[in-house]
């Protein structure tokens, strides 16, 4: 005992001397663990409480022409695509909150995002684990690319096919409640109800209620060894609402108003595939979208695709149903050998194994969109189609810094943008960091 | 000594082994204490410095009809009532700062709150304790419910009687300086001067200077054992200013523009009790408000009430004085037995004693408002009156999460809202968390 | 050994007893150091990662007349000049990020600042130390006062001479990349390229590309012992762009729209020295600015000055070149004896040595501006000149709190503001805290 005491005490003496002039850090409650990887995480060891502060910045510089600009000439722009500050934590073990606020300015071209907006502000109850109940503002779940964080989707922009069904997986300022759960490491499901604005809805009347459903079966669910299938369904009733009925797409680039500045995502150069801006109440009823998703990954290679379909059902004999569908196929390969991360239901970060050169990934994605509308000015045209090629490279310098470049080429059949263009090229370089 | 050394050293050895693989956390200055209850607090043990990061989210879902809507039909809405991020701390022992920024969007229906606004951004000097001098942007003090944090007021919305005197306890974007102090655990007082915009004032001229005074005597001042009295006075001089002179009320609900979305607090459905929107300079002079407040709490039961009165003095013979007064009485009872917290001058949180079921509180409040205006279109009418019944329940799941529901019923005499309604019902469910 | 063990162990026992009931704080990675001086800093001892959260608030109360107001009468205003929240850190040793977001509302009178804006959001790579490569949104470098933080410039507002060349050192919402480096503790240089909006540019066309260059030689570079010289150059090509060509100045005060509120910096009372609001594409070509700077400090005394010159070159025979130049000289003296801090290329904080009275500093600055424009309405006038006297006092209560007051007197030759005033007086009191 004496020897042991001597040993321990002298080890202590060394420790004390190594920390000469260092003050102590304690807590007046449960033991804490704290860490930083550029942001900050603090949690009690008994898992009762935690706090995390972080964020993500995506700074884009783009050049583009044709369809992607307002006048068809070449233009360029530098802007923040996203600038999130993220706060989250655990409250009394069973509750968890998350607040993601996007500070990027005018980045969406719509009123919600004049200066900043909530990507998420939610509260979840996890006391019935593995079930989770979440309330607040958050995106409804629909699709694999949407489930994957904007930090770790392969191409800079998610598939253009989502533009056909944008109401299904965006919150548009509303509130919702969602129940989700998983089982056997392979099954995941969620069901949600949301109270939202129908886009540009009139000022009077009830909010629009939306239902979402997602199911995933992933018999293989580890990084570099993924087999993933999923189905999605969303529905809303528009029968009592006047709304902006246009189905539009940016065709794979944010686009800008081409004034060479920060205003990404201006609507001026969107393609309208179907629908009328002013759609009166009573014209349409159920708006239904469904989708299927599949992914396969083996080592550094991954393949994924989704198909989405939407039907806007005519409620009046003066109108015809509007149908739209789209799909994408994407292949990605990490030249440096790392596998894409995977968490049940979604892909995750590529983590570089070589500190000197980071991880290098190349990818190609093909997006296809089409819509059938026999109403109004669309009645006399063939179905509008859009095709987008995306070819790019991602450099993961480390787990926090990602630099990426993508070349996008789009072609439209049977329509043009407001300036008369039916094709366009664009190139985007993005510097991203997360903390 | 030897035995003691052995004991201490072996205790240490155990501690070291329990933290195998755990890195040390030290400070290069004074000793620190750190903690999290979902947010983060760090302070030096010598009290020279501290830092605290937290916030509060209030997500509301409402249904209402009649007076509360623009067209009298039933409507619903989901929106954030408040979404504060809060930063504060101590600087060099004697100074303290506080920044509360509200990120909720369009939540006030006025220009100040287009995307976010400062609830508070202030600096206090506490070197003359128990006196405190505060400068910056913060709400003037007027009334017991206003003194109580929006996190812990009993009903979701503070009394409608405050609508009559809204300029007295809101900062409206100005700056102020305030001296406050307490004595003998029972006396509290504050006096402040504020430089503000008179509501919708013309573009030229000086700012409006406002004086506020509050005094509290609380012979009983512990949770569950409260006897509280207070007086309040506020004055401003409007003689040189054109201003929006309407005295308006939301009658106990935020209301929305009933487009089923996030835009809480639209002005469209407010009741105008008195005053004209365009009031020329020279029409009125002193604007004076006073109020009295009282509260009593015994165990889980609390009773509180306030009376406020305002006189807008005519400065020109072409105008008559405008008078308004209002009051409320509120009773609350915690079914699970907990007492409402109390800190000198204000109520505080109900802290649940039972971890399984939390604390359950029921309450009823009656608000009454009336105004006398013999000018313009009001001259031919009897005095406008508003009456509001609020019946609700609060569930404090723990010290961070509060779910509440309230039913509100309003009736107006001798006036209607812009849509012709003179009564309305509303129901609000709120999910609140603080961190 | 036994004695030592006994000593160490009993010291430990004391430490443990002093921390009775105190929980441990550890990390699951590299050892951490944490500290607070009102904000928060956490870093790993191996320098791989760090995180810092802080901010700055500047609350101003101003009175002014004549030129500084819209109608020439006396007016006053209280508002936030700056309200920054600042996040930054180190990511994987070689990378550093910084996010400074200004929450002060309507503080710039222009669209960029409707509610908040990025002062900086950047990512730097420091792996080639002493070289640093920075990308993102940040101010181009031009001039000594601009290099000095807004927290620690001597007068509340930087020299009015900068108004002549405002595009050179503001980011205006664009993105940039910059290379900087230092050598031998005496040499500093930076070169940057920026993609920006030309002020109020038309909606179509490329962004405006801007180049900046700064070089500093400081043979003496310690607090209280400074000899500093610098040169600056900036250029942009406006030949293809319609733009707002006015060269305007606030003459040393933010000014307000004099509605007695929070709207600092309204444009209504700016002096237009040259240029036309609507300047067509093709009228002018290269816009070039250069400047020289010098500073000398000995003990509590400092002297500094800068000269800036700008030429907007006519590209069409229908236009004449526009020339503008300005300078300032500033003397500052710390009554309590402290020297101004200095870091290579810029001044830093005055740190009070006496805890009771803080540090007191007095200063005087003279600004001079002039412009020659022989186009349009300016052709018939003599050159417009502006002269500004700034006399002030700064009280550094401690390293976090600074209270300052400045009296500003301006006189204009050969022009007036929109209200016909050619001179004005103003007084500003500022309460500033940093954390």
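Order of writing sets the chain letters: A, B and C. Residues in each chain are counted from 1.
Everything below uses one rule, namely that contacts are C-beta pairs under 8 Å (C-beta built on N, C-alpha and C of every residue); 3 or more make two chains touch, one makes a residue touch a chain.
All figures in this text were calculated on a predicted structure; none of them were measured in a lab.
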Same-site or different-site touching of chain A by its copy chain C, using the half cut: different
Size of the rotation, in steps of 5 degrees, that lays the CA trace of chain B over chain C: 120
Intercentroid distance (Cα basis), chain C paired with chain A, Å: 36
Contacts with two or more other chains, residues of chain B listed in rising order: 2, 5-6, 9, 12, 22, 24-29, 32-34, 40, 53, 114-116
Complex interface listing, chain A residues touching chain C: 2, 5-6, 9-10, 12-13, 16, 22, 24-40, 53, 55, 57, 59, 61, 69-71, 73-80, 83, 85, 103, 105, 114-116, 257-262, 397-401, 431, 433, 435
In the complex, chain A residues that touch chain B: 1-2, 4-6, 8-9, 11-12, 19, 21-29, 32-34, 40, 42-44, 49-51, 53, 87, 89-92, 95, 97, 99, 101, 112, 114-118, 121, 123, 135-137, 173-176, 195-198, 201-208
